[in-house]
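What follows are several structures.
Common to both upcoming complexes is chain A, partnered first by chain B, then by chain C.
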Partner chain A sequence: MSATLAKGLNSFKEVIDAPIASFFSSCVHCGLCAEACLFYTETGDAKYTPIHKLEPLRRVWQQEYTLLGKVGKALGLSTPVTDAELTEWEPLVYDSCTLCGRCAMVCPVGNDMTYMIRKMREGMAASGHAPEDLVGATTRAVTIGSPMGIKWPAVLAQIKHVQAETGIEVPVEKEGAEYLVLMSSMEIINFPEYLSALSRIFKQAGVSWTLAQDAFEATNSGIQIGASDLAREIVSRIVVAAERLKVKCVISPECGHAFTALRWEGPNLMGRPFGFEVKHILEVLDELHSAGKLKTQGKDKRPLTYHDPCQIARRGGVVEQPRRLLHEVAEDFREMPDAGTMNWCCGGGGGVSANSRAEPLRLQAFKHKKGQIEATGTQTLITACANCRIVMEEGLEHYHMKVEVLGLTELLAEYLVEEEKT
Partner chain B sequence: MKQAEQPGSVGEGLKQRGITRREFLKFCTAMTAMLALPPAMASVMAEAISKARRQSVIWLSFQECTGCTESITRSHSPTLENLIFDLISLDYHHTLQAASGAAAEHARELAMKGNEGKYLLIVDGSIPLGNPGYSTIAGISNYDMLLETARGAAAIVAVGTCATYGGLPKADPNPTGAVSVGDIIKDKPIINVPGCPPIPVVMTGVLAHFLTFGNIPELDALGRPKSFYGETIHDRCYRRPFYDQGKFAQTFDDEAARKGWCLFKLGCKGPVTYNACATTKWNDGTSFPIQSGHGCIGCSEPNFWDAGPLYKALSMPVSATAAMLGGAAAAGAAAGVAITWHNRSTKAAAKAAHEKVTVQELMREEK
Partner chain C sequence: MNHLDLLTFARGSALNWALIIFVAGVALRLFEIFGLGRKADLARPRTDSPGSGWRTIVTRSLPPEGMLKREPVTYIGGFVFHIGLFVAIFFFAPHIEFFRSMTGLGWPSLSSALVDASVVAAIVALAVLLAHRLNHPVKRLLSTFGDYLAWTLALLPLLTGYMAYHHLMLEYTLMLAMHLFSVELLLALLPFTKLFHTFSVFISRWYNGDIFGRKGVAS
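Here is the complex of A and B:
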C-alpha cells in the first residue's frame, strides 16, 4: 500500500465539484490575487500568484470536465499532469499557502482559491506529494491522538498544575455539562495559561463545562494535509465524545484551523448535522460578557494591538467579538492597518508552521506582519490563535523585535473580578 | 444699422419682399439657437447673411423619390425658412426650375463656370453603380454628373438618407448597386443631412450656417451636423418618463397607447436614432411621429430599412426566427445534458475508484 500518481489524479477528479468548475471557468487572469498574497508581496516571485498554485488541478478540470479538453485529450493534444510536475508544485501548494483566504476577498469574480487549495491537497496527499513533516504530524494525530504526540497523561499533569495554581477544580468527563472544552497541542505544551484562564472565567460566570479524556485535542492535521478520510476520523472523536457527554456546545480553542475543521468542515466530513453547537472561545466569552456574566476590573495601560487570525476572522466571521472584549480591558487599543477581514496572515497557518522546509519562506513572509505591528507603535500583541502566536513569536525573535504576544482569553482573565461565591 | 443694402445681396432681397429687419433678426435668433450657437451670434448671423451675395446653389436629384424636395417646399409659407431659399440663387433644380431640356443643362453649366470653386452643391438621391443606364438626366449618368458638378463645388450637402447613406435604393438586395455621395466623392467637404426626408428647418439651418460662416458646421462620425444630430430621439422624447417608469404600450390600441405611454415595445427606434424630430418637430413645430402615436422608424440612420422589422422592439433579435432560437436552445440543452452526464460519470468513476487514505498511504514506497 502506497501513495501513487494514479490515486492522486483520481482524487483530483473526485474533488472537482460545481464551485471549482465555475471558479476555473470564471477566472479572468487579472492577477489581483497575487497582490493579496503575502508570499507574493514579500518575494515578488510570480509563481506565488494564488491561482497559479492550482495549475495542475486546473488542467485536470480542463481535460476531464470540459468539452474542448475532452476532445483535446482524446486526440492526444493535451499535456497530462505528471509526478515531476506535482513535485514542482508541492512547495507552492503546501509551503506558500496558509489557506488564509485573503486572495478570495479580492478576486473580482469571487473565486475561492483557499477552497480549491484545500481540495487540491487531497490529490497531493494521495499521490505522495505532501511534505514529510505534515505526514509525520498527521500520522501522530491519527495513531497517538495529537499531532505533537501528546497523550492524556500530559493533559492530566497540566490539569493538576492548574488546579494547584487556581484552587479551582477542572471538571473531566462530566456528563450533561453545558460546554465541552477542547485545546490545541500548542496550548497544552506551550501555553498552559489558557486552561487556567478558562477555569477562572467559567467559575466567575457560573458555567458548567468539562474536558473529555478521548477528545481533548482540537487540531486536525487531516485538514491541513488534505486527507478527508483522516480528517473525518479525527473530527469524529470530538463528535462522539460531545454526544456521549450530552453537551450543548463544543468550544473551539484559540486555534485557527481547529475552528474551520470543526465548525465548517466537520458536519460535511461526518455527512450529518451535529447534535450540538460549535463556537469559538471568543464567541462564548463575548456572549458571557453581553449577559453580564463576565465582569472585569481595571484596564491594561500598555498600548496594544490585535492580530486577527485568518480562520477566525476572515474565514470564521469572528471580528467584532474580540474588539468588544478588548475595549473592556485595554486602555490604549490600536488597530493595525488592514485589521479585520482583510488582515494579513502570520505566515504559518494551514500547516505551514508544521513544515520545517517552509521556515525560511515563512520568515520572509513575516515581514508583512512586522510592518503592520510597527505601524501601530505597540509592544504588546494580542491574538486568539496559539499557532499564530507561536509563529509570530518566532518571527519577532528572528527580526529582533521586542514585542510580547498574549492570548486574548488570558488577558481577560488577568482583569477578572474575583469574587468568592457563597 | 441703417446702411444701404448692396445690390444683389440677401438684405436687398429681403427689403424687396417687405421682410422687416426685426423679423429677420427673429429668424436669425431662432437659427442660432437651433445650431446651438451662443446668443450673441444672432446679430453676427444677421449681419453676415444680409450682406452676403446670394449664394449660388446647384441641386442634383439622382435615385430619389422627390420626398426631400417635397419636404423643403412643405415648410409653411410665408416663413423665413422658405424665403431664405429665394435668397440663395438656386441655379439648377430639375424639379423646381422652369427651364427644360438643353436650356436647363445650360443653366447648370453657366452656374458652374460663373461660380467656379464657390457654388454649393446639394444632392438628394443615391447613385447607381450597377449600370449607368439605371438613372440618367439629359443622357448623362448620375455618376458622371456628380463627378463633373462636384469638381468646382465649395462644399456638398447630401440631403436625405439616399444621398447620405444609400437609403431605400441601397436596401437589400440593392438591385442598382446604389451608393451614397460620400462613397464616391472623397476630396470635398460633405455635410450629411439624413432623414427620409430630413426636417426642413434642419436643411435651411445648415445652409444658414454655411452662409454665415462660410464653412461647414461641426460634424459627428457619420458626417452629420452635431447641432441637429447630437442626441437621440429617445433622449429628447416627451414620452421618455414613461420609458423610465417601465410604462409601455403593448398594442397600438390598448389603454396604455391611449394614455400616451412609451412605444418601445412596439418597435420604436428612438433610442438608436440621432435626429432633431423630438425637439424641432414637423410642419412648423406641430408634431412628430411619436407624438402622433407611431414609433420612430429610425429613417436618419444608415441602412435603417434593413435594420429589422419596424414593429419589433429593439431588444428582440432581428435575424433569428422562433424556430431557429428554439432549435438552438434545444441543441444547447441536449449538449449540456450530454456533457453533464459524461462529467457525472467521470466523477462517479473517480469516487468509486477512491481508496480510503490511511496514514500508511501518505508516503511513497520508494521514498
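Here is the complex of A and C:
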C-alpha cells in the first residue's frame, strides 16, 4: 500500500461527516480544551491545544465543504494542506494525543476532538504520516497476529504455566462456551497473573469459557494508527472465532483500547451488528459478584487507589463496577482527584506508549498522574488496563516513586474463596 | 440624504436585505452540515438513553468541575457577555416593540436601567475577553482574522445602542441608523463567521451528548 498526499487528503474528505462539520462550525477558539489536555497542562506549550491538532483537517473541511471555502479555493486564496504541514502535524496527532477524550467532556460547544483525531489519523496514515513504530506494530498485528509479534505457542506456554500453577485446566477451542476470553500482548508477555486470576475466578463462579487459537489478541493497532481496513481485518479474527465457537459473549481484557476497538468500533468496522455481546472483564466480574458467584474473603489492608483507564471509564461507561468490586476487597480505598469520567490519562493511550519517539513527552505528561497519586497518599495503585499499567510503572520509576501497580482482576483473585464449590 | 432618510433606509431595504442574507446563509450553513450525513452506529448502545443529546445541550452550559478555577476569565467573561447580550436583545422595551411589529409577538420588558447595566457589562466583558485573547498563548495561537472580525461585529451593536440611548457622540437619529446598520452587518455576516455557533452549538452539543450517551457516560 503506497501512501501519498492525495490519498491522505481524499481520506480526510471521506471521514468528514455532519458531526465533524458541526464541531468545526461551532468552535469559537476559546482554548478551553487545552486546559483539559495533560500534554498542554504539563508542558504549557500552546501547540498541544486539542483543537489545534486538527487544523489540517479543519482546512480540508472548510475548503471542500463550505461555500465560502470553495470560493476561496477557486480564487486561489486558501492555503492548501501540504506534505510538509502533515509532517509537522504528525507529532501533534499521534505523540501528544492519547484519544483520552477529556477535552470532549469540557468543550463548551460540545466538540468531540477525540472523535475527530481518530478520523484524522485515517488521512495521516494514508498519506504516510503515521509514526514508524505504529506502522511496525500494525504490520506485525496483521501478518503475525499480534502487535508485539506474539504467536500461539507463546500463549500455549503461558497456559501450561498457569495450569501447573493453579491446577486448573485452561479451556481452548471449546465450542458452546459462554465466554470467549481475549488477552492483550502486554498481558501475555508481562502480566501472566491475569490469565491465572481469571482461571481461578471462573472456576469458583462455575463459568464456562474458552480461549481461541486464532483469536487471542484483543488489541487493535489498526485503530490507533488510523487504518480502518487493517483494523477490520484484526477485529474480524475475533468475530470469526466467536461465531465459530458459538459463544454468547466476548470478554475484552484489562486493556482500554481493545475494548473500544471491539465494543464500539467493531460492529462498525465489520458493517454489521454482532450476534454476541462484548463486555469488559470488569463488567463480567461485577455481574458475577452481583449474582453471588464471586465470593471473596478478607480485605486488603493497604491504602489503595484506582486509576480509571480512559477507554474503560470516560469512553467506555465502566465506572461504578470497579468501585463496587474494590469495596469488596479493599479496606482503605481512596479516590484520586477527578476520578471517574473526568480522570486524567496515564499519558500512554491511543498508541502513544508504542511510539518510542513520544517517550520524553509521555514521561513529562505523567506528572499529572503523579500529582493525582500523591494526593491520595497511597502506595498501591489499582487499574484495569495493562497498557496503563506498564505506562504508569515506567512513569513511577522515572520519578522514583515507590508505588506498586496491580490489575483489579488479579487483586480480586487474591481474596477469592477458593474451596467453596457451587 | 439626511439623517432621517438614512434611518428610513436602515429600517427598510437595508434591514430586508440583511434578513434575507441571514436566513439564506443560516439555511445554507445548516444544509452544509446536515448534508454530509452520518453513518448509523452499529454498536449496540450501552443503555437506551434517549435525550442524552438534548440534555447535553443544556448541561454543557456550565463548566465541568475544576474548569472554572483553571480558566475563570474565559468562563466568567463568556457568561457575562452572552447573558448581557441576550438581555439587551430580547428584554429592552423598544426591541420588544420592534419584534412585535414584525411578528405580532410580545413579552414583558425589563427596566431600561437594568438593560443599560447589562449592556455595559457585556461591553466590559468583550474588552476583557479581547485582552485575554491577545495575552493568552493558547488563544493567541488559535486566533485568526475571523476572531477579531467576530469580536467587532458583536461589539458594534452594543456600543451604538448604548450611545444612541444615552445620546452620545452623534445626533440621535444618525446614531440610531448606525445601530441598525451594525445589527444588519452582524446579521449578514453571522452565518459565515464563527458567530454561526449561535445555531451550530445546538447541533455540536447534541452530537457530543449522543456519542457519550451511547457509551453510558453522561456528559
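The working rule: the second predicted complex is superposed on the first by the 418 of 422 C-alpha atoms of A that agree within 3 Å, B and C clash if a C-alpha of one lies under 4 Å from a C-alpha of the other, contacts with A are read in each partner's own complex, and residues count from 1 in each chain.
In this text, a residue touches a chain if its C-beta (ideal position, glycine included) is under 8 Å from a C-beta of that chain, and two chains touch if they have at least 3 such contacts.
What you are looking at is a predicted structure, and each value in this text was computed from that prediction instead of being measured.
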Query raised in the report: After the chain A overlay, clash or fit between chain B and chain C?
Result: clash
Report task. Based on the superposed arrangement, let me know which partner A:130 touches: chain B (first), chain C (second), both, or neither? Result -> first
Requested in this report: Mind working out whether A:7 is in touch with chain B, chain C, both or neither, as first, second, both or neither?
Outcome: first
Report task. Classify the contacts of A:166 with the two partner chains as first (chain B alone), second (chain C alone), both, or neither. Result -> neither
Requested in this report: Return first, second, both or neither, reflecting whether A:78 touches chain B, chain C, both chains, or no partner chain.
Outcome: neither
Query raised in the report: Looking at the overlay, what does A:190 touch: chain B (first), chain C (second), both, or neither?
Result: neither
Query raised in the report: Which of the two partners, first being chain B and second being chain C, lies in contact with A:67: first, second, both, or neither?
Result: both
Requested in this report: Check the residue A:26 against both partner chains and state whether it touches chain B (first), chain C (second), both, or neither.
Outcome: second
Query - chain A: partner with more touched residues, chain B or chain C - result: C
Requested in this report: Give one of first, second, both or neither to describe whether A:229 is in contact with chain B, with chain C, with both, or with none.
Outcome: first
Report task. Pick one for A:364: touches chain B only (first), chain C only (second), both, or neither. Result -> neither
Query raised in the report: Where on chain A do the contacts from chain B and from chain C line up?
Result: 16, 65, 67
Report summary line: Note: in the complex, chain A contacts chain B through residues 1-4, 7, 10-11, 13-14, 16, 64-65, 67, 70, 125-126, 128, 130, 135, 138-139, 142-143, 225, 227-230
Query raised in the report: So in the complex, which bits of chain C are touching chain A?
Result: 28-29, 32-39, 41-44, 46, 56-57, 60-61, 63-67, 70-71, 74, 78, 136-144, 147, 150, 192, 194, 196-197, 200-201, 203-209, 211-212, 215-219
Requested in this report: Quick one: which bits of chain A touch chain C in the complex? Just the residue numbers, please.
Outcome: 16-23, 25-32, 34-36, 40, 44, 46-47, 49, 51-52, 65-68, 104-112, 115, 263-268, 270-274, 277, 313-317, 319, 338, 341-342
Report task. Sort out for me which residues of chain B touch chain A in the complex. Result -> 335, 339, 342-343, 346-347, 349-351, 353-365, 367
